[in-house]
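Once you scroll down, you'll see the structures, which are given as structure tokens.
Here chain A shows up in two complexes: once beside chain B, once beside chain C.
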Partner chain A sequence: MGFLIETVIAGLMSGVLYALIALGFVLIFKASGVFNFAQGAMVLFAALAMARLQEHMPWPLAFALAFLIMVMLAWLIERLVLRHLVNQHGVTLLMATLGIAYFLEGLGQMVWGDDIYPINLGLPKQPTLVLDKVIPGGVLISNEDLIAAISAAALVALLTLFFQKSGIGRALRAVADDHQAAQSIGIPLSRMWVIVWAIAGLVALVTGMIWGSKLGVQFSLSLIALKGLPVVILGGLTSVPGAIVGGLIVGLGEKLAEVYLGPALGGGIESWFAYLLALVVLLIRPQGLFGERIIDRV
Partner chain B sequence: MAAVLKPAPMPAPDAPTPAPAAEPAPLLQLQGIHLRFGGIKALQDIGFDVRRGEVRAIIGPNGAGKSSLLNVINGVYQPQQGQIIFDGQPLPQMRPGRAARLGIARTFQNLALFSGMSVLDNIMAGRNLHMRRGLLAQMVRLGPALHEEVANRQVVERIIDFLEIQAWRKVPVGRLPYGLQKRVDLGRALAMQPKLLLLDEPMAGMNLEEKEDMSRFILESREEFGATIVLIEHDMGVVMDLSDRVVVLDYGKQIADDTPDAVRNDPEVIRAYLGTATQQE
Partner chain C sequence: MFYRENGQFKTSYVSDTQIFPILQDRWFVAALLAVAFVAIPLLGSDYLLRALLIPFLILSLAALGLNVLVGYCGQISLGTGAFMAVGAYAAFNLMVRISGLPLLVALVLAGLIAAVIGMVFGLPSLRIRGLYLAVATLAAQFFADWVFSHVPWLTNGSSSGSVTAPNLQVFGLAIDTPVRKYLFCLAILCVLALAVKNLVRGRKGREWMATRDMDVAASVIGISPVRAKLSAFAVSSFITGIAGALWAFVHLGSWEPAAFNIDVSLKLLFMIIIGGLGSVMGSFFGAAFIVLLPIFLNQLPGLLGIPASTSLISHLEFMTFGVLIVVFLIAEPHGLAALWNTAKNKLRLWPFPH
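Moving on to the complex of A and B:
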């Protein structure tokens, strides 16, 4: 019993991180209609910046500086890439983000180095034993994971409030729906894009920071974005709650599958389970669990 | 239908210096506009003015350059030659954002609504330029930000009542029938409280009843919200009853600029629409 609960908790914790990655995709897709292939590269870039800056200063300062760098990056991306692609097809923009992804991966390693770097947030590493009176053996919870999950939840809550309740959030949703119409009512596209890419940069930074403090910052961090893909398919590309629930389902599902089906199937399930889940969802609900149903006038 | 819709020619309700006898300064003047796309001459030497408070129609057969002309006024296209004077101010380079800030709103021929958002949010988005409060204040909705939101909301509710779409307030516009979506498009433009309202084929694809409703809304927009209106149509019928003066385009050239009655009987216009003058009636 205690072991099952520990597995569930571990699954949910990694689910929170998947949800954060997916959130990066969803934010940019919602606000600019672009599927941002560079999200993984942004996670790597932000984490590298944070890790290297942290060598010279306390981590909150390194975090603030890294965020500033991500804002500047957002501004540059808008200036040099997006501005020239207004009113273009989604595919064109997708290809552009693919280019940004490769460029960022290269630039990140050139500027910050290509070793493995630690991020130390001073979080307590030792786990806490809870419920030891109720269940024999008790349940071990990692304090580090718990704090990470709480900060991720806070970030999500803040972003949801921002998108649903503020005028800028409404303007961002408007831009996502129709560039031309948004321009015609005086919404400045370029400023909106800088804002949304800066927010995606913040999400990337938080993701990279949490992930990096667990496993260290290295190139493979850019590949965790691939785990975000089944999550957005599962949750729906347009839904913030979908990204969160999708992330939790994927995290939980793969841990449970690994532990309980692993011995029967020979293990290694964790690496492909998410994609199988996404495939099944695609067959049954192509718009994802929470996505908007797409109805086209024929 | 025609009799019901006949507008009374009247000065603008918001004209700053109402001079009943003299002609008020035009709100918009176009002079010698030339627009080319590569070798294609989309517009050649277009020049006319729009008086404050009038309903000005631009008509012409398909491909005459009407939408291009609207896009020039709106700043989507930059003409190679010519000048736009808006509200007494010459504008060498118009851009969509600039146009919006100057008080030029538009609707779209092929609906360009924010289809995932509700009717209310769509029209509220039109208030974007009237929102001044900072981001944080908007999120916590305190003090001035709350006042601002309430004030903007009042304007929007008035528009919703005016367009008779109260019942669909919370519905995502993507789910509304076409005629209602056209109204929301008009509502979003009105929410900007524009000086000049550009309507790109507001009646396209509508049945007779919907056209009558839309005609009424257009005329009342002028009276209720004090907007000057420029209207594009390729169907001459309804527009003739709506507008005070009509510009006719054909193959990018301006072939007439007169009152509806005069335009209707202009042999050049009849030829453009029917092929040759001998074929008419």
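Moving on to the complex of A and C:
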């Protein structure tokens, strides 16, 4: 019993990270219709920046600087790439973000180095024993994981508040709803895109920070982020709650499948389980669990 | 002799529908084939053949296959590596398990097996498209990576899925020297490229292009989207499967599933974007470009006299690929092949522009 609960918690923890990556995808897709393949590369880039800056300064300062870098990056991406590809097919934009992803992976490792770097946030490493009265043996929860999950939840809450209450948030929702209508009432589309890419950069930074403090920052971060794709398919491309729920489902399902089905199938099924789940969802309910129904004849 | 079609009259239907309608083009292609089949094997060094030309030929073949799917039929695929892996491991299994099976038969059968698998993973394309399809094909990629490293039967019981190609023989002739390998790949590439060129010029190609441009309109004029899409998946996977088998047998010799990982899939996608979507010529340009670029970048610091570490060069390679993709998508969405056509059209008027 204790083992099951620990597996569930571990699954939910990786689910939180998948959810954060998926959140980055969804934000950009909603606002600009771009399926951002580069989110993983952005996570890597932001985490590398954070890790290397942190070697010279306290981490809050490094965080702020890394965020500034991500904002500049967002501006450059809008200015140099997206502006020239307005009104193109979704697939063209997807391929453009593939290009951005490659560029960022190269640039990030060239500027910041290509080793494994730790991010040290001064979090307590030792786990806490809970529920030891109820279940024999108790359940071990890492404090670090707990803080990470709480900060991720705080980020999501903050973003929701920003989208619902602030003027910019309202404008962003208008852009997401209908580009032309938003433009016709005077919302500057290009500035909104910079903002939304900057927010996605912030999400990437937080993701990279949490992941990096757990496992260290290295190149595989950008590959792990490919897990974000099935998550958004599962949750629905346009839904923020969908991204979060989808992330948790994928994280949980993957861990449980690995533990309980893995031995029968030879292990390592984590690598494709999420995709299988997404495929099943695609065939039954193409708009995902929470997505808007897009009527699209094929 | 100027590049002109003046005075070349088409007097029959056959002469109007040939692949290269201009006489000078035909001469050019004949010369190119003569160089490829005669001059290069005689003059090329082993290094040139092994490191440049054989990878170029095989990757062109794979890019050609992917171009059928993405360029002609408009179905995006991020899982090309998986179909190459299917071809490679299918050919391996056929060779190992059926003794005395000729290599060419094994290659064709491997291509057919890859075609079947491709059609299975193409099934989602009947319900979804674009971005969603990208995820579905990505599923094929990760699933193939896993299957070939975890199912021992497929790799004849070797751990970690690494296998070695058997001895290659065609018509009793051992394919062991670089020159023979080169000629073998070249011959297969020529046959398949001609087949694809004719396929896309014909009825099937029109069906694919109509589906790509607007599937609803295509089905209104009587094209079955199911057949168009699945046939594109089948043809594409057949070719990439054979390319995968060649890559494994001829180029690598011994390989493991990681040889066909997602990196390969993305590289192939880059080839056809840079080379030209929906163009047979473009597949060759793209493959040449992607094979040559890393070698050029490796030589560059030496030529300029700047010391650079290998890791720096590999990062630069990543960045160059990224920039090129974006530049081509913005400036020339039809890739190098479109530049080639523009140059040819300019040449037709040169030196008298009016």
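In the analysis below, the second predicted complex is superposed on the first by the 291 of 298 C-alpha atoms of A that agree within 3 Å, B and C clash if a C-alpha of one lies under 4 Å from a C-alpha of the other, contacts with A are read in each partner's own complex, and residues count from 1 in each chain.
By our rule, a contact is a pair of C-beta atoms (placed from the backbone, for glycine too) under 8 Å apart; a residue touches a chain by one contact, two chains touch by 3 or more.
Fair warning: this is a prediction, and the values are worked out from it, not measured in the lab.
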Of chain B and chain C, which one touches more of chain A's residues? C
Which holds for A:Arg170: it touches chain B only (first), chain C only (second), both, or neither? first
Given the touch rule stated above, what does A:Leu85 touch, chain B (first), chain C (second), both, or neither? second
Which holds for A:Ile269: it touches chain B only (first), chain C only (second), both, or neither? second
Do any residues of chain A touch both chain B and chain C, and if so, which are they? none
For the chain A and chain B complex, residues of the former touching the latter: 161-162, 165-168, 170-171, 173-174, 176-178, 180-189, 238, 292, 295
Contact set on chain A toward chain C in their complex: 35, 80-81, 84-85, 88-92, 94-96, 98-107, 109-110, 114, 223, 226, 229-230, 233, 237, 265-269, 271-272, 275-276, 278-279, 282-283, 286, 296-298
Could you list, by residue number, the parts of chain C that touch chain A in their complex? 74, 76, 124-132, 134-136, 138-139, 142-143, 145-146, 149-151, 215-216, 225, 262, 266, 269-270, 273, 311-312, 315-326, 329-330, 333
Counting only contacts in the complex, chain B reaches chain A at residues 74, 76, 96-97, 99-101, 105-106, 108, 112-117, 121-122, 124-126, 128-129, 131, 133, 135, 138-139, 141, 149, 174, 188-189, 191-192
